[in-house]
Structure formats: structure tokens, C-alpha cells
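First the structure, which I've put down as C-alpha cells, then a few questions once you've had a look.
Letters A, B and C name the chains as they come in the text, with residue numbers starting at 1 for each one.
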Amino acid sequence: MNELIFFFNKVIVAGSVIGSIYAMGAIGVTLVFAILRFAHFAHADLMTLGAFFSYILVVAFPELGGFVGLPTGFVVLPVAMVLTAIFAIGLDKTFYKPLRDKNVKPVVIVIASVGVTLMIQGVIRLFAGTTSRNFFSVDGVAGKDIFRIKLPFEAASRKIFITEPQILLFIFLILAVGLLHYFLTRTRLGKAMRAMSDNPDLARVSGINTNVVVWTTWIIAGGLAAAAGTLLSMDVILKPDLSFNILLPIFAAAIVGGVGQPYGAIAGGFVVGFAETLSVFNWAILLRPFRDSIPEWIELPSKIAFVPTEYKIIVPFVLLIAILVWKPTGIFKGKVL
Amino acid sequence: MTSLTSVKREIVLFSGLGLFLALIFFQMGTAFSLRMLIEAACYAIIALGLTIQWGYAGLFNTGIMGFIAVGGFFTVLISFPVNDKFWNSDGPAELGVVGLYLLAGIAITWAVSKSHRFGFPKKLVTFLTVLTFAISYLVVISALEPAADKIESGAGFIGGLGLPVFAGWIIGALGAGVVAYYVGRICLGLRSDYLAIATLGIAEIIKAVFKNADWLTQGTLTVSPLPWPVPTPNDIGFVAARAGYLTVTAIIVVVILFFLQRAYNAPWGRMMRAIRDNEVSSSAMGKDVNKRRLEIFILGCMLMGLGGAALVTSTRIFDPSGFLPLNHTFLIWVMVILGGSGNNLGAIFGAIFVYIIWTISEPMAILIFEAVKVYGNDWFGWQAPSDLMARALQMRVFVIGLTITLVLRYAPQGVLPEKVIHHG
Amino acid sequence: MALLEAKGLYAGYGGMNILNGVDAVIDADEIGVIIGANGAGKSTLLKAIFGLLHVSQGTVKLAGKDITNMAPDKLVRAGMAFVPQEQNIFPSLSVEENLEMGAFVRRDDFSHLIEQIYGYFPDLAEKRNQPAGELSGGQRQMVAMGRALMIEPSLLLLDEPTAGLSPRYMNEIFERIIAINKTGVGVLMVEQNAKQALAIAHKGFVLANGRNRFTNTGEALLNDPEVAKSFLGG
């Protein structure tokens, strides 16, 4: 029983948390690809930047959370999302749009986006150094609540752990996905976005204002990136190199889900998240209760994990390669790049 | 464009570079400048590898650092002195057993994957293949772990083979080529973005392995001093040793340049450019295009492996945590696109020029930030953070990024544009 | 005053002119048909009129107003609609959403128009919630025309609306074009099925090598032995 709870904490909870983060990042990557047709390498650093916007806001207004009884980082999140969205539009105007207007090959814009990512990294580290920061040590009101849930069984002495930021993350993701679905299927602009993803030339011929669609794309992508970065940093810690271990997984998630498919990106995010937690999990623990019923001569290894934690980065990569080999369009029939 | 003006341009730019170098020799001393030039020459080899991938074939490689690391690693493995402690322990035998498990696993998995020939349904075969793969994988890594632990606690790491350095460099290039083959096979049929993502992944995995597999590379403990192909500074002093090393690397650059120039003007090079410039019409050539691209991708990565091997050897230390995938990769990108993509001389010019700037930017950044610190304190009573110097160096990352975006936008041809040869 | 007045157009791709001074003039309520060999520049002419290619010389006027090199979204607002030759639907959007996209520039209530288009093309009414990409070729062409009609255009540009369709769909499309024209919409279309098209045309334009070769009423062109010999298959 305790082993199962351990599994639940280590795999289900942790996988859902990181899966949600990847999903939010991958939605942005996939939308940018669908509308602008390039792989946006600076996306993970938009997350870091968004998290820093939130952090600065928390430092500036540490008491805000007190009014609603939530962590201040969560309360200031909408503002950080707006700031990041504006920043993303600014990036597009200064760096990507001039290249698009020159009709360069898509790969040139991809390279530019790497240039942008290096610039963001440089600036963040210039101002923030390399130290980690904790949202809750600057929060004027709330500490990080951790819920320990005891299951009503004799045998279950271990408790299920879940933190407040994690619960907020799940609520936020569900709301965000619901809103996104409504936006894409019910609103004029959302439909125009899908139309432009389908056939940009025809969108222009139909009189769709493609600039507005592009801005909307950056607003959604930037806003979700800020939310993902902030919620991840609240749950763990805010590191200036937050983006480093996230870029590959979110690309993998977008491709596994099917490039250009927002729902695919969500599915892909969770696939990558759970694949990571499942492969670093020590499966030997689940065998321990059966120690007595297994003949003596079979030696149970103390550790059966597919991938040591240090090599976690291999997991999204293997998923990525596997999908490229077997089904390049991904789960949701996306565009093949 | 007439070739006369472009030759003039080359002469002007390279003379300018020469003057700049003379100034640096004068200012910073011979030993310093020679070391800088050695490293610049190694970067030139790497940049040539990139310029054929990007300039000849339009391939976007974000994993250059990974191929450099592979080259460096094989140099260590081949040319570092033999570690007797390891060879006298159970280590080799245990690793041999792991190797046997690995071969057996590969054989069984392969056999299972071919079992559809005996009439098993396709789905079942796929499932069984994945299952056998997973089991053999688990068996291999659980055999490797205790062996690795023993080596680490006993002998430290497996050491090298004590063979000549040049053998290490060649194997390094081949190793990088093998990695490139597999990445290229999977990604080159798809749009360029996929190659970019996959090479980024490969670089990070290579780094993770070299950093964490202590039994193989000593991980964060680093391996040093690496043997040189020429007498080391300990034997004959800094200036003479570095001059010798520089000669070796410069010769390699010239030889590579010679062959690349010939290939560029040969039918092979012409076909490459046709593929790059007009993907639609040459896609009529179908599979052939991907084969050509694969060739050039492998060749480019081999040059990166070779350059990486020479670079790591020159610093005399193999330090896996020092490899920063994005930053170092894009330093080389700056070299190539600034120099002029598709122009081999441009790549060499870019490599030397950018590397000099990169090297002297370190003391310069520190100087600037010292000043900021002092004046900030004097005028505003600003207390500088203690890690200000580390932060100052981050500014250089910003500058790499800025240079890339600016060059792409305002001077996509670079300072030495590709000479457009009209053919057809 | 002519509805569309294109005079002496020069346009092309990447600096190379494909059109070398082409004229095309039609009145309101007219159907104009452009015919010519493959590669003659018919599609290029429509694209140049619709602002998708840069016109380097010549003028285009819509109801007397100069619209040369105006951006497509402005032309849509000015009442001109264009159905390209290929890829003229949004495949993953439903039929109804395709029609809504046609009305993107409108901020008023256009539900009556959608019903009107389902009236024109009853096939579509049944499939209104189906992704347009899943429809047959003829039905897609109906979606494409329906999308263009959503702005209630005064001028409709059609590029080979019957290309690759079965005779049944071909006749249906021609009938619809006549019906649409009867409601007061000027039509300028490119056609490969030259005989049938000229039969419904008020004006016909025969292009060759980016120049006007013959221009006359549809009927006159049909009866011109020279046109018949080289452009109508004898």
C-alpha cells in the first residue's frame, strides 16, 4: 500500500505537474508554428522571463496575496502574463517580422529565434546572476502550503503529498484549456487563427487581418509561457536557467502531439511528463512487498529504473526520435514540418 | 559581381585581420597570442564544418558543441596514457561481460524484429520488439552500474589507450560522423526545423553522458593533462610548443580548405548548391537529395569532431561540464554567418576574427564592469552584487545573440559573400 | 461606367514580366471569361487584379476607382472577391466556418447570407458541420465560391472553377454562376472548358503569351473560325 502511495506521489503527481508545464509551453510552440511556421527556440526563455516578471511583482507588492488568501505569485500572474505577451509581440516586431517581410527561408527565422534566446539569457543572468530564488521567501503573506492526505486504510501509513502551487497549476491549466477551446471554436478571431494555420494565402484572400492573428498568437503563447514559468518556479524554485531543461521537452511534446495542433500539444505534454517520471521511477520499490513470496534464490535488484535521473533529458529525446521515425505527424495528425 | 572586387575584398579584410593580430601580439605578448591563434585555428576547422552544412546545403545544426565533445572524448580515449590500475583490476572483464550482454541484447532484439517473416502478425512483432528491447536494455544497464561503480571506486576511470594523438583526432572525427549518420538518417527527410531540434537534443545528451559517466570520462573531475602531438610547453617552453601546435592546426586548416574549394567547384558542389537553392525542382531527384544532404551533414560533423579534438587537446584538459551546448554552438554560428556562409575563406576569417573578439572581450567586459562598480558606488552608493564578474561575462552571450539577429537582418551575406557562380 | 477596367497591365514573378500589357474590361452584371493555353498568364492576370502580384505598369479600376496594387483585404472591403485555382478552402474548418471566414471583414449579422448560400448549394447545407477537407472536389468548389460570396461582392473573380470536376458538377457550377450573375454580381472567370464558358459569357478574352489575342463578345468568339481552330479544339 505504502509503495503504491509512493508511486502515486513520484509518478502520478509529479508527472501531472511537469506534464502540465510542458503542455502550456507546447501549446505556445505549436501555435507559433501553425501561424508563423517556424520552431520558436526562444520559447523556454519566455517562460523564464515570465517567471521573473512575476517574481519582481511579488517583491514589489508582497502583501497582495493577503486580500484573496492565495500566494502572491499567483495573484500577480495575470499582470506577468500581460507583460510577457507584450514582450513577445515586441520580439516579433523587432526580430521576426522584418525577416518574414524579406521572405527569408523559415530556417533563418529559427536561427534568429536562437539569437533571441541567447539575448534573453544574457540579460536575465546579467540582472539576476545565477542564484536561485524562492517565491515564498519574498511573499509577504502566504507560505507554501503542503497538503498531506492520509488514506483511510490501515496499511497506508504514508501520505499523499500535494502542494498548493500544484493544485493552482491544475486549476489554471483546466481553465486555460477550456478558454482556449472556446476561443478557437466559438470566436471570430479564434476561427481566423485556425483558418490561417490551414491556409495562410487563402486567409489573406478572404480579407482576414493576418497581423491581428499574429499578435493574438503571441499573446496566447507569451501568456501561457509566463504562467508555466511562474507556476513551475512557485512549485520548485526560480532558476535563471529554468529554460535549459525545458526547451527540448516542449518541442518533443509539440511534435508528439502533432505540430500545429493545440490539443495535441496538451496530450504531448502529458505523454512527455509521464514518460519522464515513469522512466526515472525506481520500480524495485513496487516489488518489495512481494519479497516474501518470491523464492529465495531470485535476487531482487535494489534499483530498477529505466533512466538514471541525471540522464532524464534522454527521455523526451527518445520520444521525439521515436515519433519522427514511426509517425512524424504525431498523435493528432499535425503538419509534418 | 566580378571576381576582381571580391579578391580585393578578401585582401583588404585579411590584411586588416593581420594588422589587428599584430596589435594583439604587441599588446598581449606572444605566448598569449599564440594560444589564442591555436584555438582560433581549431574553431576555423569547426567553422568550415558548419559552413559546408549551412552554406552548401542549408542545414541548421544546433548541436555543434556535441560533436566537438565527441571529438574531444575520443582523443582522450585513444591517446591518454594507459591506466594500469584499471587494466589490472576486474574492470575490463566486467565491462567485457556488459559488452557481451549488449551484443546479445542487440542480436535478440533484431531477431525478434524480423520475426514477421515467420508469419507473426505485425502488431505483435512490434510489441515484442519493444518488449525485448526494454528487457535487454534493463539487463545491460543493471550490469553496467555495478561495474561502473567498481571502476570509479578502484581505478578512477578507464583511462586511455596510449596511442598517438593523431589517431585520437581521426577516431574523434569518425565518432562524430557516426553520430551524425544516425541523426541525419532520421531528420534529413523532414523540414530543417526538425534537424535543429534533434541536434540540440543530441548535444545535450552527449553532454549529460560525458558529465555523469565518471567511469568513462571522470565527469566533473576532468581528465588532464592531455598529450600533445608536438612537444609540450613543459618540454620546450610556451612559445616554441605553441608555435609547433599552431603549425599543425594551420596545416590542417589549409588542407581542408584546399579540398573543400575543389569540391565546391566540382559537380558534387554544384549539385549541393542546386539542392540548397531550389529545393522544389531538385526534389524531383527524390531520395537522392536526402542522400546528398546526409553526406554533407556527416562530412560537416566530422570536421567539427576533428576541430573539437584539436581544440580539447590544445587546452590539455577534457572538462565535460565546460561544454555549453547553446552558447558555444552559436559562437560558431556567428563566425560562419558573419564571415559569409557558403564561403570557405569567409568561415576562416569569421572564425579568427570572432574568436579574437571573444577572447579579448573577457578582460574588456570585466574592465567595463569594474568601472560600473566603482562609479556606481562613488556616485550612487550602489553596492555591486558579489558575482558581478560572472554576470559581466554573461553579457557576451547577449552579444552573440544580438550579432546573430543583426547579421541575419542587415547583412545576411556576411563580410565575404558566397561567390555566385552562374551555372546551368 | 465599367465595373472592372484593367488597362495595359504588366506584372510577373520575381522581376520577370508574365503579363505584357493586358486589358480586361467588363460592365456590371456581365460575365467575362478568360481563355488561353496553359501558361498564357490567365491566373497571373487574376492575381494581378486582386493585388496578389505587383503591377509594374497599367491601372486597375473598380467602378471607376483606382485600385491598382491595393492590398487584398482592402479589395475585399471594396467588394471584390477571389476564388483561387487551387487550395481554395480551409480544410480543417467546417463548411460553415469556411463561410464565416469569407465574412471576416463584416461586423454585421450575416446569418441570412449563409442560408442564402445553402440555398444556392443544397449539397453544402447537409454537410455544414463537416470539415471542408472531407468533401468531394465539386463540393469543395462550392464551399470556395460560397466563401467568396459572403461579402456580397460586386465583382467575383473565379480561377478555373470547374477544373477536374465531373460533368454533373461542372453543369451545376455553371448554372450557379449564371444565377449569381443574375443577382447583379459581375463575374470574371478563367476557364479551361472554353466552349461552355464562352456560351455563358457576355465578354470573352483570349490570352496568349501574356497578351490579349482576341477580345469580343462570347458569342462572337465562339463563332470566330480562327479562335475555334486554335483555342476551342477545332
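We adopt the following convention: contacts are C-beta pairs under 8 Å (C-beta built on N, C-alpha and C of every residue); 3 or more make two chains touch, one makes a residue touch a chain.
Keep in mind it's a predicted model, so treat the numbers as computed, not measured.
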item	value
Overall pattern in which the protein chains touch one another (line/ring/star/complete/other)	line
Centroid comparison with chain A (C-alpha atoms), farthest chain	C
Distance from the mean Cα position of chain C to that of chain B, given in whole angstrom	55
Approximate Å spacing (C-alpha centroids) for the pair chain A, chain C	46
Chain A and chain B, separation of their C-alpha mean positions in angstrom	30
Touch list for chain A against partner chain B, complex	33, 38-39, 41, 95, 98-99, 102, 104-108, 110-112, 114-123, 125-127, 129-131, 247-248, 251, 255, 301, 303-304, 306, 308, 310-311, 313-314, 316-317, 320-321, 324-325, 328, 336-337
Interface residues, chain A side, partner chain C - complex	188, 191-192, 194-195, 197-199, 201-209
Chain A contact footprint on chain B (complex, rising order)	58, 60, 62, 134, 137-138, 142, 145, 186-187, 190-194, 196-198, 200-202, 204-205, 208-209, 211-212, 326-327, 330, 333, 337, 385, 387, 390-392, 394-405, 408-409, 412
Chain A-facing residues of chain C, complex	50, 52, 72-73, 76-77, 82, 84, 87-93, 97, 100-102, 104-105, 147, 151
